[in-house]
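Structure first, commentary second.
Chains here go by letter, A, B, C, D and E, matching the order in which they are written, and residues are numbered from 1 within each.
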Amino acid sequence: MDIASLIGLLLGIGAVVGGAALEGLHLGSITQPTAAIIVLGGTIGATMLSFPMRAVIAAAKGAVKIIIEPKLKTSAVVAEILRFANKARREGLISLESDLPTASDDFLKKALSLAVDGTDTKLLRDTMEIEIAHFEHEGAQEGKVFEAAGGFSPTIGIIGAVLGLIHVMENLSDPSKLGSGIAVAFVATVYGVSMANLFFLPMASKLKHHHQTAVSLKEMMLEGVIGILEGVNPRIIEEKLNGYVSHADRKAEHPAGGKVQAEAAQSTG
Amino acid sequence: MDIASLIGLLLGIGAVVGGAALEGLHLGSITQPTAAIIVLGGTIGATMLSFPMRAVIAAAKGAVKIIIEPKLKTSAVVAEILRFANKARREGLISLESDLPTASDDFLKKALSLAVDGTDTKLLRDTMEIEIAHFEHEGAQEGKVFEAAGGFSPTIGIIGAVLGLIHVMENLSDPSKLGSGIAVAFVATVYGVSMANLFFLPMASKLKHHHQTAVSLKEMMLEGVIGILEGVNPRIIEEKLNGYVSHADRKAEHPAGGKVQAEAAQSTG
Amino acid sequence: MDIASLIGLLLGIGAVVGGAALEGLHLGSITQPTAAIIVLGGTIGATMLSFPMRAVIAAAKGAVKIIIEPKLKTSAVVAEILRFANKARREGLISLESDLPTASDDFLKKALSLAVDGTDTKLLRDTMEIEIAHFEHEGAQEGKVFEAAGGFSPTIGIIGAVLGLIHVMENLSDPSKLGSGIAVAFVATVYGVSMANLFFLPMASKLKHHHQTAVSLKEMMLEGVIGILEGVNPRIIEEKLNGYVSHADRKAEHPAGGKVQAEAAQSTG
Amino acid sequence: MDIASLIGLLLGIGAVVGGAALEGLHLGSITQPTAAIIVLGGTIGATMLSFPMRAVIAAAKGAVKIIIEPKLKTSAVVAEILRFANKARREGLISLESDLPTASDDFLKKALSLAVDGTDTKLLRDTMEIEIAHFEHEGAQEGKVFEAAGGFSPTIGIIGAVLGLIHVMENLSDPSKLGSGIAVAFVATVYGVSMANLFFLPMASKLKHHHQTAVSLKEMMLEGVIGILEGVNPRIIEEKLNGYVSHADRKAEHPAGGKVQAEAAQSTG
Amino acid sequence: MDIASLIGLLLGIGAVVGGAALEGLHLGSITQPTAAIIVLGGTIGATMLSFPMRAVIAAAKGAVKIIIEPKLKTSAVVAEILRFANKARREGLISLESDLPTASDDFLKKALSLAVDGTDTKLLRDTMEIEIAHFEHEGAQEGKVFEAAGGFSPTIGIIGAVLGLIHVMENLSDPSKLGSGIAVAFVATVYGVSMANLFFLPMASKLKHHHQTAVSLKEMMLEGVIGILEGVNPRIIEEKLNGYVSHADRKAEHPAGGKVQAEAAQSTG
């Protein structure tokens, strides 16, 4: 679970609502169902019109994923590929056929399967890069759905506010209602701007980061399989794949990495 | 028909108008023909001055297309190309000449026809990529027309509002008219911002997605024809083209895909 | 003449001014010479400081070009290149030397002349692509001048408005002048935003489209001449160049295209 | 000297200040030292924090350069390179060694010196392109410093205005001071928006243009030297380099160009 | 220590606060803890939700780095690489093995180690470029965290202001509190806009510059090692690497550069 995302969400909403309460604002005065209807309904409508239905649903699922956060273990995948590389070097590329079902990832399995079938390097790279490009494009839409929602909600909040002000202006003859009328109108702005800045836009950014990590992992798998196919020395493959592991991880997992190396050597020894 | 687009459009407008009505606003007070003339006329004028006439007409037609939504059946095209690939492998590339008239798409037909004529790979790729680039550029304009309209309408709404405020300011001596005057002025803003956010900008985004799918389909056809021309194994071609099929489709159409495969094998067997 | 640009310009201004008049605004109250001086003078000054003098003059000329609209006849150029290609195929590349003075375009003439001189493909492509790149860069500045003006004018309109409001604020003691004072101040905003949205920005966009068409035509000429130089079959050259012709044109000019083809064949037969 | 820049600067400021004076505004009321301190100090502080000290100083010097405007004589450099090309063709590349000290530009000298030393084409191109990339990056920062200042100054003007309004609001009890208080507050906005739109942003744009011209000149020198190194016919080199000369210049300098050609031929004849 | 950053920060804040004080504003009236809670809490929350926890922490550390400023001595690294190049030329590439532990940088050490191991040029370049790309991507996030904070803080300031205004509007019946209430509301805007423009955005820009310098240094090391691996003449390597040294540095360090050169020659002589 991604604690940081949860803290960020609660801290943002808490600071705004709590700060307002500290100033003496009654929370009841910023609870306006009609403002919520205008801003949420308008934003969802505009977003649904903007994207294919499938992308909207994928984005909603992606938002849930953020909380659960699928840990992508880059270094574990490096170890797995090195194990394959060592075996291929010792027993030949064809010997990997029996290992295909154990591959931890569908993309890796497809790439290895093409390599075992004797596909040449260029064709394998082209085929898998089309796959990566499509995966990258599809996944990027999840972030863009939230980005679009974050673009629509403040302006729809302004529509709500202006509609409220029109309502106020029509009843100027009763000045006692002026203040509370304007207050009601402003709530739509608060909803629109808050949703965008405390939820939609940060969510878009977080989804983008998750997706980039997943794309980068696929690129690493492809580099690894091509290294195996070309018979590159496993030690050089390791150096190359390590370039994808973040520096923070490298230090943290150094002992593990060492163990994995040893283990890989052993299992292929 | 694209139900989601329709729902998005109705939900957006419904939430804004309905929310305003729930707040007690008389809908009559947001029905201002002169504001509509200023915002719509100004936006259409600015958009017509911005683009070639042809692009404006294409965009209007494109907006209609969204409702009718031409379903692009990527997987059906994959099956068609595989049928051609299997036949070419068995009976020679030249045997496809008789199948040319049955090709489901003009672009595919042109590419196959060049291949059958013995055009070399590089020339065929260059020729068809020019076609794709031009198609991409022309189609992208449809979305850009709506994007431009969505950029103009809020600022023209502001022009309408400021003109209304000038009118109000000139008649300050009669305070009883102040409120309703300002209300009238604000309606132009509501029109401009609503049109942009509930229609123009989402439409621009939806058109862009439709167009990207169409471009991607053409790229897939080109890859397929080049695979046929180079005599690549149909199974590898299938792996490559599957990279263009979205993951959601792949699962949904897996049985169909299997059938198509079988069918393709049969029709060429 | 580009009727659409004229209609767009008149419709935009007409809708805004007409709508304001329908609301009962005296047009005299939005005619403020000092506001015009501030907005126009400030915008022209900022634009002149932003660009080389030459670019500003080219942009002004470009704006005039929009009304006259030089029709770029892509399909006529395709026919001309095919005529050269057919002759070169029959009588040899060198035979085109006598046709050089008849080439309809300086760029085409220079490319053909290099080809006839025996320049090799790569050098010819490099040389002409430098020419295209420079032409593209220079022409793009015309649009950017209007884009910059469209960026400056609304903010300078706001400067004018704030200066007007400062003037009003200093004379608050005489409330009878308050309204008309604010009205005067707002006029600068209307000028700045209207100029940007009804003229400068649409003009920038239209200039960009014209320029892109001109660049694309040059790229087509280069592809054609390289095809001739490499002795590609004129029918393939035609297929390739047709990729540059917009689909709308292709249909509209199909009979003409046919005629041109025939004509080309004839003149070289 | 770049008269156009000077006119642009004076016209912009003159129109805004003069227009305000024509409206009857006392210029004294827009002369507020504290507003100037806030806007200028804040903008300079934010800009210094944004960039390396060296870039800020380079930008300040660049602004002075605009007034002095170093005329880059593209056509003179073309003539110089053609002179070298003709001599190298007649007397051998090595003969240029004695001409190295006469090269009019350090970049040209370094490229020629590498060529004379027998560096191969690819290495020479790589080496000089690194130089160009670094020069491009460093010079681009000058424009970005002004762009950043133009982004900061309006928002810091708004900070100044809001601080002024807070001051006004605290003294609401004395309504006679209300108007002048607000007027003072607004002056910071005028300063911030004016500096950005009449000076910083146009300056950023002009610096960018100057720098692009200088980069393009270096690219032309590199193409020329590579042409000499590869023994390309000087006439073709001339055609290639002419692609870098703007069309306006080409016409204007045609006679000169002819003379230069003749001169080059002579000096090498 | 980076004095310029410190001066920029202090100058910006000093000018704004000092200017406000000069206008007669009591600093107490812009000290509002609740406004600070809303703006800071909301901004930090939104930023934490936007980025992986690791990136937020790295950005905070990066901000500290700005003050300490690790001086990247490009010219010292050039001298180091030339020393290796000279030794490799005289005693063979393998002789560098003993110098590996003395390499001043991990990236340089890894590249040299691959070179000494006999990795071929393409594989070495690919491997190290993956490393650079990853380093570039990770480091770029530091700047983006501040950029995001600078985007969130002004809008959250506006949320704070609107909440304050709602509070004011609810208490319109007591006009004596109106002014001070609005003043309190505006403080949140001042906080949000000031933090963004005087700290977050300049910091994002400064971090980006630092990171670009570090990336450029790594690219220079890679070019140097590849030059050594390919046996390029050290003098040419020097010319190439000098392209990465800024012109200002080149002049300043010319004598040092000469000494270094001499030193390098000596240590390898």
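Convention: a contact is a pair of C-beta atoms (placed from the backbone, for glycine too) under 8 Å apart; a residue touches a chain by one contact, two chains touch by 3 or more.
From a predicted model like this one, the values you see are computed outputs, not experimental measurements.
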**Partner chains shared by subunit A and subunit E (touch criterion as defined above)** = none
**Any chain that touches subunit D and subunit C** = none
**Request:** Enter the angle, 0 to 180° in steps of 5, of the rotation superposing CA atoms of subunit A on those of subunit C.
**Result:** 145
**Fill in**
subunit D to subunit E, mean C-alpha position gap in Å, rounds to 25
**Item:** subunit A and subunit D: spacing of chain centres that average the CA atoms, whole Å
**Value:** 40
**Message:** Which residues of subunit E touch subunit D once you look at their complex with the stated criterion?
**Reply:** 3-5, 7-16, 18-20, 22-26, 29-30, 154, 176, 178-180, 182-183, 186-187, 189-190, 193-194, 196-199, 201-203, 205-206, 209, 212, 216, 223, 232, 236, 239-240, 242-248
**Message:** For the complex, give me every residue of subunit C touching subunit D.
**Reply:** 33-35, 37-38, 40-42, 44-56, 58, 110, 114, 119, 123, 126-128, 130-131, 133-135, 137-138, 148, 152, 155-156, 158-160, 162-173, 184
